[in-house]
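Chain naming follows the written order as A, B, C and D, and within any one chain the residues start at number 1.
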Amino acid sequence: MESDTGRFETYSDGVFAIAATLLVLSFMVTTGPDAPPLGHQLLHLWPSYLAYATSFLTIGIIWMNHHFCVETMARADRTLLFLNVLLLIIVGFLPFPTRLVATYLQKSGEQTAVYAYDATFVLMAVIYNVWWRYASAGRRLIDERVPDSTVRAITRAFNPGVPMYGLTFLVAVWSPLASVALTFAIAAFYLPSAALFDR
Amino acid sequence: MESDTGRFETYSDGVFAIAATLLVLSFMVTTGPDAPPLGHQLLHLWPSYLAYATSFLTIGIIWMNHHFCVETMARADRTLLFLNVLLLIIVGFLPFPTRLVATYLQKSGEQTAVYAYDATFVLMAVIYNVWWRYASAGRRLIDERVPDSTVRAITRAFNPGVPMYGLTFLVAVWSPLASVALTFAIAAFYLPSAALFDR
Amino acid sequence: MESDTGRFETYSDGVFAIAATLLVLSFMVTTGPDAPPLGHQLLHLWPSYLAYATSFLTIGIIWMNHHFCVETMARADRTLLFLNVLLLIIVGFLPFPTRLVATYLQKSGEQTAVYAYDATFVLMAVIYNVWWRYASAGRRLIDERVPDSTVRAITRAFNPGVPMYGLTFLVAVWSPLASVALTFAIAAFYLPSAALFDR
Amino acid sequence: MESDTGRFETYSDGVFAIAATLLVLSFMVTTGPDAPPLGHQLLHLWPSYLAYATSFLTIGIIWMNHHFCVETMARADRTLLFLNVLLLIIVGFLPFPTRLVATYLQKSGEQTAVYAYDATFVLMAVIYNVWWRYASAGRRLIDERVPDSTVRAITRAFNPGVPMYGLTFLVAVWSPLASVALTFAIAAFYLPSAALFDR
């Protein structure tokens, strides 16, 4: 009932890369006689740039960490595969709330759009945590050659995920823009300094 | 005339991952002065969420089983490659009926949309069965190191596919929503408990 | 200046799989108060089904043959890489003329749409032929372990490509529908019986 | 804190291939009673063909060079991974300015569209240069078996990138069309003659 881990890595890598690249479809300009000048439109697209960069960076981080976690596993079982597909469902969904933020930020409906965006990240962080905790609890699926210190370091790196994204959700009550900026900051600072790689 | 199986696995994996990730394009909101509030729209998108999750889970299952089946094969021949491309044509088509269900469920035309959705799954199950039965009949393409019990277990796991999806089609006559819910249930329960992995 | 061939295979495989899966975006239905019933629309989408299946099958064939050809090569050089990118540019373009055929077949403008579709296939066949002839002429890039008979068999399989697709172009003068049907027939019959695999 | 380089190559390859294939979504025709004849529309799409070919060729070159550079590296570190994700963010963004050029060239707003297009290339060249210079400075991440001459040859090949794309930006002040044509010329001539491969 167990299988090697390379098995779901290729598929996961594909979904990560495609979801990230589909984010570009969030960028929209309007043409026609009544459309504002293109330069004006491109400047007013800044919520799209922010949402695009935030989602792309975040998928990049998840992809790097995913790869790193899978490398510590000796095998996968059915539950892990199930959790992995749940994670991919959320990652594959991300282009939709990203487009919502790109469309609604600084306009009527922005709060709802950012709630949807932040809720997606919270859900992603929860499932990702469950995924890792299932694999690592009692070293259930961990390769015996991987030292305990590595497993603990990864778990420590996962710990702040849910609270951090929960905080962005709370910040959206006060300011949707600040919430997206915080989500971006989490990604931008997390990427190079991921405790995950600090062994 | 025979070729190694890794040959069509990469291509199949690519189509599975891309088809799953393109499903996100089913999500649509409308903007403009007459559009309902975004929160209202997001709640009324639940047929989209259901259709997205159902199709994504199903592609995930097919992908896992596909990989597992191919691993039992020692080689591929022209007929198998042809059947494999037919299977990929249907998998690659799935985003369209998924978008139909997302658009029409609970609206006029929902029965037709769900018929199209269910018919796609029936066709997929039929071709997938033919694909496996061609490879496994008389162990035509099966590696000699794979025990008969494994081949029989996979065949048993394939058996309920066509009747189950045929049933969802019949249920759509009575209730389109119940039919999609059943398709989701098949995927959700099949994924973790796939008899396929129960050796 | 030479490089191993695995180098451009991954990239080519990716473009093939993505181009094939993007074909699904050709399917369009209209909603709104004046839209015809969905069942009616789905039946009238048959040009889309035909164009989708034809393009998907053709990309599948090119992918299989491409893989097979590359396996005979010991190395790639700059010219081959350039020709390969040209081939990928045409393959990546195919979803557009496919959408044209899906939209215009049986309507005003169908002849132009099918000319564009057929011209894309002719161009693809020409570049693909040049690609292979460059690699195989005087066994320029062929691995020394590959027998001459294999190289000749592949060349024979390439020979009918340009005339066949040229013929579909000519048929479009008389009947656009017959031309697309012929393009489909070429793909459907070529796939299982590719002389390429007949060694 | 170091990791093997295959790790981010798969992901990068995926983003390159998907971004290139998504370029086809730049092609748009209009239907309806007032639409010009399709043949007329297809001829007037030439800015789309030019933009598509230019962006596709450029991504192809970046992909080939990226692969080649990574092969010289013994390992990756966090900074390189961060720079790599920045590069991918720009590559994944390219389909948007490509669509802008396809839509606006030879129309009102063309200068702005080409500025956006050229600015994307300049940014891409800058980040790509920083990426390589970080890896190669003092042979920071270079494999010890790679001779100094190879590293110097790659650096020489990178040198003209930023000035060349800066020039296309300047040319756009005078003529947007000439600027895109120059960008195309850079790609077309750079691809087969890349000094990178001239060792």
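Throughout what follows, a contact is a pair of C-beta atoms (placed from the backbone, for glycine too) under 8 Å apart; a residue touches a chain by one contact, two chains touch by 3 or more.
Worth saying up front: this structure is predicted, and the values here are computed from it rather than measured.
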Requested in this report: Based on which chains touch which, give the shortest step count from subunit A to subunit C.
Outcome: 2
Report task. Identify the chains adjacent to both subunit A and subunit B in the sense defined at the top. Result -> none
Query raised in the report: What is the Cα-based rotation angle between copies subunit B and subunit C, on a 0 to 180° scale and rounded to a multiple of 5?
Result: 90
Query raised in the report: Would the interface of subunit C with subunit D count as same or different, where same needs over half of all numbers used to appear in both copies?
Result: different
Query raised in the report: How many Å are there between the centre of subunit A and the centre of subunit D, using C-alpha atoms for each centre?
Result: 25
Query raised in the report: Cα centroid separation between subunit B and subunit D, in whole Å?
Result: 36
**Report entry** Multi-partner residues of subunit C (each touching 2 or more other chains)
**Finding:** 14, 18, 22, 25
Query raised in the report: Can you list the residues on subunit B that touch subunit A in the complex?
Result: 10, 13-14, 16-18, 20-25, 27, 29, 31, 37-39, 42, 52-53, 56-57, 60, 63-64, 67-68, 191-194, 197-199
Report task. In the complex, go through subunit C and note every residue touching subunit D. Result -> 1, 3, 7-8, 10-11, 14-15, 18-19, 22, 25, 78-79, 81-82, 85, 88-89, 92-96, 100, 103-104, 109, 112-113, 116
